[in-house]
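Working notes, beginning with the structure itself.
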Amino acid sequence: MLVKIAPQHAESSAALILANARCLGLEARAMSDGVGGIAIGVSGDLPDGALDVPGVTSVIRKHKPYLLATREIRDTPTLIQVGDVTIGGPEPVIMAGPCSVETEEELIEIARMAKAAGATMLRGGAFKPRTSPYSFQGHGEEGLRRLAHAREITGLPIITEVMEPDMVEMVAHYSDMLQIGTRNMANFPLLKKVGQAGKPVMLKRGFASTIEEWLMSAEYILSHGNPDVVLCERGIRSFETATRFTLDLNAVPLLRELTHLPVIVDPSHGTGKRSLVESMALAGLAAGADGLMLEVHPEPERAMSDAAQTITLDVLERIVRRGRALVELLNGQPLLDPTVTSLITA
Amino acid sequence: MLVKIAPQHAESSAALILANARCLGLEARAMSDGVGGIAIGVSGDLPDGALDVPGVTSVIRKHKPYLLATREIRDTPTLIQVGDVTIGGPEPVIMAGPCSVETEEELIEIARMAKAAGATMLRGGAFKPRTSPYSFQGHGEEGLRRLAHAREITGLPIITEVMEPDMVEMVAHYSDMLQIGTRNMANFPLLKKVGQAGKPVMLKRGFASTIEEWLMSAEYILSHGNPDVVLCERGIRSFETATRFTLDLNAVPLLRELTHLPVIVDPSHGTGKRSLVESMALAGLAAGADGLMLEVHPEPERAMSDAAQTITLDVLERIVRRGRALVELLNGQPLLDPTVTSLITA
Amino acid sequence: MLVKIAPQHAESSAALILANARCLGLEARAMSDGVGGIAIGVSGDLPDGALDVPGVTSVIRKHKPYLLATREIRDTPTLIQVGDVTIGGPEPVIMAGPCSVETEEELIEIARMAKAAGATMLRGGAFKPRTSPYSFQGHGEEGLRRLAHAREITGLPIITEVMEPDMVEMVAHYSDMLQIGTRNMANFPLLKKVGQAGKPVMLKRGFASTIEEWLMSAEYILSHGNPDVVLCERGIRSFETATRFTLDLNAVPLLRELTHLPVIVDPSHGTGKRSLVESMALAGLAAGADGLMLEVHPEPERAMSDAAQTITLDVLERIVRRGRALVELLNGQPLLDPTVTSLITA
Amino acid sequence: MLVKIAPQHAESSAALILANARCLGLEARAMSDGVGGIAIGVSGDLPDGALDVPGVTSVIRKHKPYLLATREIRDTPTLIQVGDVTIGGPEPVIMAGPCSVETEEELIEIARMAKAAGATMLRGGAFKPRTSPYSFQGHGEEGLRRLAHAREITGLPIITEVMEPDMVEMVAHYSDMLQIGTRNMANFPLLKKVGQAGKPVMLKRGFASTIEEWLMSAEYILSHGNPDVVLCERGIRSFETATRFTLDLNAVPLLRELTHLPVIVDPSHGTGKRSLVESMALAGLAAGADGLMLEVHPEPERAMSDAAQTITLDVLERIVRRGRALVELLNGQPLLDPTVTSLITA
């Protein structure tokens, strides 16, 4: 059951409803509705009596299995603030950087160039999930320090992956945003932990997860107290082997209908092929994404991992420039053209 | 083996090479290279002697398994003329119409409205592949007549599906372009027949076919004498059930690299969900598609089939308007921004 | 709506119900119920009055979308007679032979050896659906003649693929059973034609078709008048590339619940890997399959196609021997063990 | 590089080679070869000099990316001892029990009945990975205590899932075998931890993981010091929705070729449908599996989770009885029948 409460009674009425739910043995969670009121998700149905508090403006009994992630509970899109960057607003966020954190010198050089090319956040992996136990596993905490240093120098907020519950605190200490990778989308102990981390989280889609499962994973984070979740489509596994994964842009407009959370697109992992990144980045923005995550390196062939899908800085610059123009154009186009409408009305 | 011959010796040298190949028991096919010369694909390797004819400008021994469909054989994109419409040029083609041909009156009304909304070709099914033998199977030849009538009135060239070899001649008689549906992408007898039909063909991707298999099917048509093949991405089958199919836009830029044939996108079948069509249409164009195929109806719920994915005419108008603006914008943006480039050079 | 009629009134009452359905504009088809009565499938609901004929023993209003293929309409399994071979009975059918028909001499040698190894039917392709237009496409009618000759000599009934409606008559002339290949499972004009061919049909599963779509394709054949349809699971396309396809044995027990038609398994195409064929053949029989289709050749590496998945004759012998012992064992095991049952009752 | 050392020099020569590898900055791991010698996997190539130690019997330079999991390194199958039970030997292991640990009383009742029906190990989840944060998450440590109690009473060794690195020690304290669930197959920090846990591990296949990725995950456990890894095929995600997952039995014979580790099959999760479990269990054994994992409950509809795929005790009894007979039959059948062989030799 979803319950919405008007601003003037929000706090006190929400407290009553949460108490009533607890009393009946139901799980209930409250969340800002973005316009001063409070939205409450209850995993079950409260009786009418339990809802008899001032300010209840709407009660939804039939809804999606995710309570806080659903758009039904909140009319306004969630805006997420990471340093100076707002994710979910009119300006697309551009997270760019190397797959793995490189040497300090190189990382700072890439960060500077990425910023010049238009990036608004710096990405880089310090802990790397690798298929082989014998592959390079990342620089660990030293990598986090380098990222933090690159932030100091460039001013770009940083985002990096956290792979296990025990590391959440440490990664959150250094990083502005936590990334949950595709292999950990259903790592529920990890999701609970980042739900309490006090830092925004980017949740990548599991490469074989349905959109509903993905939103249920977002619900784990939201229901543990963290309202700042960004979803990142990064490609699913299909029968097609010409691309490393199948970037599923259909997810973008579908998520717009289902959730108030921002959605970004990662065409680097989604295609696994450098030459496809620009087209799919532009396509992702045209589909309505709130931003992009891109692997970039001045000399991709020298990158410590994922070289095949890493673009150069000049391609990044082009993606940002063309992508921003595209978003501006689509936002500026009227939805109805009155001169033509008359001709096409049945 | 791929062989390219310069314009001045094209015809005579091509004839010699084809004869040499035949003599050695190899399959060989010739095709215009788009700039006056001739490109020849040979299913095997000719000895040096057999290539000793005037005008041979290049010989490629290691290449893709499709000979005539590969971009290696032809530097210029193939432009396909259907009536007044050019597919593959700077203007995106917009094929729109009902899923199935409706009554004559309704079809003509839809065609008029679609034209007003910006459509440049009329689609409509007269022969319908239906999962159930008890479902409506289309109006057959009567449906073709209605399409031809709608063309007379609106001037829009028509495209319609042909499902069996025996019907190719009849459908080609009425239609300006033949459509091979997803279930028939590997119907090789049908492909051979449309290869001899003398009308352009739109080949939809099999919903579980790899891009290589798709190009091999195009090769069937090309190698039987028909150079006018348009590829249409229409969604693949994945594990995701929130959309009817997974429109695989990654195919668009990938095909650009692999083939000289035009590529269009069908977001109606690709998503199966009306509310996603506009976003995915724009995304398809941003990914580089040469056009769109869209199911449209003034009152989608009254359409004879595929109602759930059919858009209204005002949405069509919006897609065309915004889509054209987007294509123009992307074509107009310079690929390099000199003021920034200096900052991002390593 | 499904209607069952008792033996004593079967013909006359069925005729009445079919007439009533026609009169109301509904599609209706009658079929033997295997025990003397008649089962009728109607694509819609008849009013009570239309059912008021003698001998109606049951009326089912809520049922699967396939009418004649569903087990709801017929309690007894369908047995299909091909020459001396019964498919669907206690003895598993073993269809074996080369992928493509080879020279006459070789084909006859393989047929003799396959029979000695325990095969009960001979398979071999005369018309081959090949991904490349430049690959060997089969020996055509000459191949059919060779198959017929091999039958004369060995007494083994033959099964071979038909790829297009125009060829159905010719293939049915030579062959004892028609095969519809995976790429043609949804070739509806072809299905209609084999529905009228008067020869049993083996319908392979489309490699990306759901079980429901597969049964709907069987329904095309049944509803066009041919009751003798055998389903053949031959592998589906998944993300896994270690095997050519993913043989989906889950389909076998599931089809047992859904349909009265026999089900066989093709582990040659289902795995694409010779070394896996024996294990998966035995697994298929343990899962309940009515038989196997196997590609076999005395010297697999010399086979004209599909060498990698072709087994030798001694492996065939072993599969038949162990498979028959396994089926006999499972058929002979009691379903309940009374001495143990008492211990495990709650 | 894989290096095998003969028994008489095993320890000392292995130590030398490991030291040489370390000295060259390569990863190297040693493992028993099952017959007294030692097998060493090195992530890179040692120069000839570094291999010049006594007892080196073979050096393999080209091999699979997993070093310790590959059959190339070890000729004998790995046998794993869990209490009195040997996994990988001629007797199939039967792990049975409820999806989730129920009340203590019920769990003990199920354990007794399962043992009577032929189970050799008890399964049950104390920590449950659930898609929804609001679903029952398992009884935690209290559940582990109940399992341990059920073991005391029945003598059945227990297996239960561990979901996070921090819990490994606790779960290993109570349990005889640790289970890594499908969602955690690529949870590398967890794999490293169970690699040091000193208890056998059953590693379920990720439902969208390739067989190679699965073996790489086994390699994580092996390379961290734990040689006792059992692989469990539990179904992959495909386009088919008639079953919850697609149990991929092809994996069983394929793993036999690729690895020396035992393989078991879970037809409960693999199909998600109670009525298919028996057939697929038998098929799994016929395909060569070393055992089964089955969800069982006296009243499936009352089970706390996964009711739809849980079988009753009498079905378990039947599976065990028929399954054992089938394995015995197949093991007993000679691989060659000399009377027939003469007939089928080309």
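Letters A, B, C and D mark the chains as written, and numbering starts fresh at 1 in each.
The definition used in the following text is that a contact is a pair of C-beta atoms (placed from the backbone, for glycine too) under 8 Å apart; a residue touches a chain by one contact, two chains touch by 3 or more.
Just so it is clear, the structure is predicted and the values come from calculations on it, not from any experiment.
*Asks:* Which option, B-D, A-D or A-C, should count as the same interface as B-C once over half of the contact pairs match?
*Replies:* A-D
*Asks:* Measuring between Cα centroids, which chain is at the maximum distance from chain A?
*Replies:* The chain lying farthest from chain A is C.
*Asks:* Between A-D and A-B, which chain pair is linked by more C-beta pairs in contact?
*Replies:* If we tally the contacting C-beta pairs, A-B comes out ahead.
*Asks:* Could you put a whole-Å number on the gap between the CA centroids of chain B and chain D?
*Replies:* 49
*Asks:* On a C-alpha centroid basis, what's the spacing between chain A and chain B, in Å?
*Replies:* 35
*Asks:* Could you list which residues of chain B touch at least two other chains?
*Replies:* Touching at least two other chains: 208, 237-239, 241.
*Asks:* Per the contact definition, I'd like the list of chain B residues that touch chain A in the complex.
*Replies:* 109, 113, 116-117, 208, 210-212, 236, 238-243, 246-250, 252-254, 256-257, 270-271, 273, 275-276, 278-280, 282-288, 298-299, 313-314, 316-318, 321-322, 325-326, 329-330, 333, 335-337, 340-341, 343-346
*Asks:* Please give the residue numbers of chain B that touch chain D in the complex, ascending.
*Replies:* Chain B reaches chain D through residues 208, 237-239, 241.
*Asks:* Which residues of chain D touch chain A in the complex?
*Replies:* Touch residues, chain D against chain A: 27, 43, 65-67, 129-134, 163-166, 183-184, 186-190, 192, 206-208, 213, 216, 219-220, 223-224, 237.
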